[in-house]
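Here chain A shows up in two complexes: once beside chain B, once beside chain C.
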Partner chain A sequence: MSKNSTMRDSKINSNHLNILIIDDNEQITKMITTFLELKNHNCRVANDGKQGLALIQENKHDVVLLDLAMPEFDGYAVIKALENNDMLKNNKIIVFTASTITQDELEELVSRGVTSYILKPIDIDLLLSKIIESATS
Partner chain B sequence: MIPIKHILFLVSGVSSFIIFYMGLVNYLTAVEQSTGMILLVFATVVAAGTLLSTVYISKSITKPIEKLAQNMTEFSKTNKITNRKPINTNIKEIHELNDNFQSMGQKVEKTIAVQKEYVEKLKEIDRKKVEFSSMVSHELKTPLVPILGYVQMLQKQELMGELNKKQLDAVDEIYASALKLQRLVGDILTTQKLDLGKLEFNQENIDIAELLNSIIKDFSPIASQKNIHLIKDSTENGVIFSDKDRINQVFSNLIKNAIDFVEFGKGQITIGAKTDKKFVEFFVKDNGVGISETNQKEIFKTFYQIDTSTSRKRNGSGLGLAICKGIIEGLGGKIWVESKENVGTTFYFEIPKQPIKVNIKK
Partner chain C sequence: MTIESLVENMFELDNPINELNRLLIKYDLTPNQAKVYLYLSKMGIKTASEVSKSLKIPRTETYHLLSTLQQKGIIFSVFGKPTKFNAVGIDESIAILINNEKNRINELETGKESIIKLWKLIPKYSGNKEKSDENKFQTLQGRNSILVKLEQMIKESSENILVLGTESDFKKFYYTDFTNLLQKTKSELRILTDYSNKGTHIFEDVPAKKIKKLDDKNREDFCFIIKDDSEVIFFVSNSEVKDMMALWTDSKTFVTTLRSLFSLIWKKAHHIDESNAESLLGSEITYEHRLREIEQEKLILNYLQKNFKLSENKLGARK
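Moving on to the complex of A and B:
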C-alpha cells in the first residue's frame, strides 16, 4: 500500500504522517497519540471542535481524526464549517464515533466528502491501516 | 323492540274500542236506545280522553328516554359525562336509570383519565429506557477505547518491550475480558435497536455453501479449544438474497451457545441448510445437555437465562437468542428450537430466499 502511495503522491510519506486528532476525551487522544508515535507518526491534539477546526485550516496535516460527539462545537459542526469554506474535500478526514450512528448516516458523511470512518471501540491496527489508506488515497 | 308509546296506544285503543263496540251493539239491538246512546257517547268521550292522556303519558315517558338515549350516544362518542343535557322527569324508574347512567359514566370517565395517565407514564418510561441504554452503551464504549488500545499495544510487545509468558498471559486475559465487555455493549445496543425497530438490514447475494464453509472456518478454532467437532451437513449450493452479516451474527450466537452447552471432548455441533421454493432453513444442532420444555418457551425472551446456577458456569448475557429472534423476524423469517434433555438441541431458522421489504421504522 505504501509503495503505491509514494508513486501517486511523492509528498506524502506514509511512514511518517502528520496526524491531527480531535476528540474531547483526553484518555482517547493520549492512547491514540501513544500508539501512532510508536509507529513513528507525528500527532497533534485538539480537545474541542473549535480548536480542531482552526488547526485543520492551517493545512499542515496529512490526516485528521475527528470525533463526532463532542460538547458544543461537535464533529458535525466541524464538517459543516469545512463544507461552507469548500475545504472538506481537500482534507483527509476520518470520523470516529461511539454514538449510535447508523451505517446510512456514515455513508452520507462520506458522500459529502469525509474520507473514511471508524467506529469506537477501535481496533488500533484497523485505525492505522485506515489512516495510511486515507493519507494516500 | 316495540316502543312503550305504541304499547300504550294499543292498550287504550283496544279498551276504548271494546266500550265503543258494547255501546254500538246495545244501540243496534235497540233494547234500550237511550242507554245505548249514553254508552256510545260515554265510550267516545273515554276513547278521546284515553287517546289524549296516552299521548301525554307516552310523551312524558319517551321524551326523557329519548334525551337519555341522546346523552348515551354522545357519551359513547366522547367518553365525557359532564355537561350533558339535564333530564326532567317525575317518573321514578327513569330517574333511577338516569342516575345510574350518570354514576356509571363518571366512573368510566375517571377510569379512562387514570388509564391515559398510566399510558403517558409508560411512554415516558420507555423513552427514558431508550435514552438510558443509548447513553449507557456510549458511556461504556468510550472508556473501552483506551483499554483496548493499550492492551493491543502491550500484546504486540510494542509498549513495554518484550513480555515474559506470565505477563503475556495476563495481557491476553485483559484483552479477552475487554472484548467480552465490548460484545456485551454491542448486544445491548442491538437489543435496543430491535426494540425500536431501528435495526438496519443490508441485503446481498449469499452463496449458501460458501456461507456455511466460512462459518465452519471461523468457529472451528473456538470449538476445538473444547475438543468439539464443528461439521457441516449440507449439500445445498443455492444463492439467496439476504443480510450476510446478520445471518453470521445469528450463527455466531447459536454456535457459541452450543459450545457452552456441550461436554468437553464429547461434543459435536452440526450446521446445515436446506431450501424449498421460497425459504432456506438453516440449523445448528448439538449433542449437549438439552433444554427443558419449560425453558424452551422462555429462551427467546430478552435477558432470559436458563437458571442462575447453570448461567454461572456459562457465558452469556441472556441477549443472544433474543437478538437472533429479532434479526430473523426482521428478515421476514422465524426461529424455533427442538430439544431433548441429555440428548441435544437443534435450533432452526428459516428466511425468505428472495429480497423482502425489510422492516425499518424511522
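Moving on to the complex of A and C:
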C-alpha cells in the first residue's frame, strides 16, 4: 500500500467521507450527491472514465463509486488503467452497475483488487452502509 | 542545348519517362520496346539509325524492336529512303495493347479444351498411385497468382471463410473481385481486421456483424484466409522479395492451428459497431440496463422527496 493511502486511511472518518462518483448518468450522480451531502459526506463527480481516472490519481477520496458501462472509456478501462499502474489495490473502488454481469465476473473483479460491488437498483440506505463499510474496511 | 537533346536526356535521368517505361512493361512490352515507343511518340518521325544512336541501342536490335512494335500496331513506318518510323498516339496505342492481351487470353481459353483432350490421349506411365490424403503445399508469388487462388477458394467454399489481416494487407486487392466475392459468398464469413473510424475500408460493403476489430496487440505481422477448415492461404512477408508471396496448403495440422488461433482472437475481439462496454457486457445493456438505472433513480428520488417533505413539515410546524 502506498504511503499516501496509508496516511489517508488513518484519517478516515466514516461520518464524513470523501466520495468520488464516476458515472455517465448525470441524473444518478446528481441524486446520489444530494443524498450523500445530506448525510454530511463530500462528493466529487466525474461523468466519464478518463475524467474519473484523473480524479482518482489526485488521491483525495476515501472511496470511489465506479459505474462499469460508460461510453468510450468505461469502468473496465478505469480498472485496467489502475491495475497497470499498481493503483487498484490502493484505492477503495466500489463497482456500481446496472449491467448484466455474472457473479463470477464480479468476483473476478474483486480478486483483481476491486473492494466490492453494488448492483443497481439498490435501496439508498443500503448503498450508504455499503459505502461506509468499504471505506472503512 | 536543343529541344531534341533535352528530350533525349529525359531517358537518362530520373523522370516520368522511366515510370512510363515501367508501366508499359505491364502491357507486354519489353523495357527496350517501351523505350523506343516512348522515344518516337515524343520525338516524332525518326530513322532506325537515329533511334539507335539516341537510345544507345545496337542498330540490329533497334531494327528488331521497330519491327516488333510495328507488328504490335503501335508504330508505323513512313515510306522513303531511308525508312522512317513514327508512333501511334498514346490513347490508341494503349487500347491496341489491351486488345492484344485480351485476344491472347481468348486464344488461351479456346486452347484449353484441345490441350486437355490431347493430354487424355497420352497414356499415364507413372506406376505410383497418388495418395489422395497427401498434404499439398503451393508457394504463390505475385499479386495475380495469389488473387486467382483466393478467388478460387472463395468460390468453392461451402461452409465458412475466415479472414485475418490488417487493411493494409488487403489493400493490394482493392478494385478486384476479392471483396465482391466475399460479399456474395453463402458461406459463413468472419473477418478480423483493424478498423479505424476514419477513411474508407476495403471491407466497408461487408455487413458489420461479420467483422471484428483486431486489437493492436493482435495486429502481428501475419495475414491468412481459411476456407471450410480445409485450406489456408498464408501471406509471407519478406522484405527481400518485392512481389507478394503466399503459401497455400490443405495440411490439416496447419489449418487446425490457424483456425484455433483465429477462434481465440475472434472470441476476445469486439464487433466494429460495438462500444467497449457493450461488447464486454452483451447487447442487453440497451434495455435491461436502462430499466435498472431508472429504478435506481426512482429509489433515490423517493428517498429525497420523503426527506425533503419531512424537513418542510418540520419547518412548517416551527412557523
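Odds and ends about this structure:
The working rule: the second predicted complex is superposed on the first by the 127 of 137 C-alpha atoms of A that agree within 3 Å, B and C clash if a C-alpha of one lies under 4 Å from a C-alpha of the other, contacts with A are read in each partner's own complex, and residues count from 1 in each chain.
Definition applied: a contact is a pair of C-beta atoms (placed from the backbone, for glycine too) under 8 Å apart; a residue touches a chain by one contact, two chains touch by 3 or more.
Treat the numbers as computed from the prediction; the structure is a model and nothing was measured.
Applying the stated contact rule after C-alpha superposition, one finds that A:103 touches chain B and leaves chain C untouched. Of the two partner chains, both chain B and chain C are touched by A:69. Of the two partner chains placed around the shared chain by superposition, neither chain B nor chain C is touched by A:87. In the superposed model, A:35 lies in contact with both chain B and chain C.
In the superposition on chain A, contact of A:77 is made with chain C only, not with chain B. Once chain A of one complex is fitted onto chain A of the other, the partner contacts of A:25 extend to both chain B and chain C. After overlaying the two complexes on the shared chain, residue contacts for A:128 are found with neither chain B nor chain C.
Here chain B and chain C are compared by how many residues of chain A each touches, and C touches more. Within chain A, the residues touched by chain B in the first complex and by chain C in the second are 25, 27-28, 31-32, 34-35, 38, 69, 98-100, 120-125.
Across the interface of their complex, chain A is touched by residues 134, 137-138, 141-150, 152-153, 158-159, 182, 189, 192-193, 198, 200, 202 of chain B. The touching residues of chain A, when paired with chain B in their complex, are 25, 27-28, 30-32, 34-35, 38, 69, 98-100, 102-104, 120-125. Residues of chain C touching chain A in their complex: 275-278, 280-282, 284-285, 288-293, 295-301, 303-304, 307. By the touch rule above, chain A contacts chain C in their complex via residues 25, 27-28, 31-32, 34-35, 38, 68-77, 98-101, 119-125.
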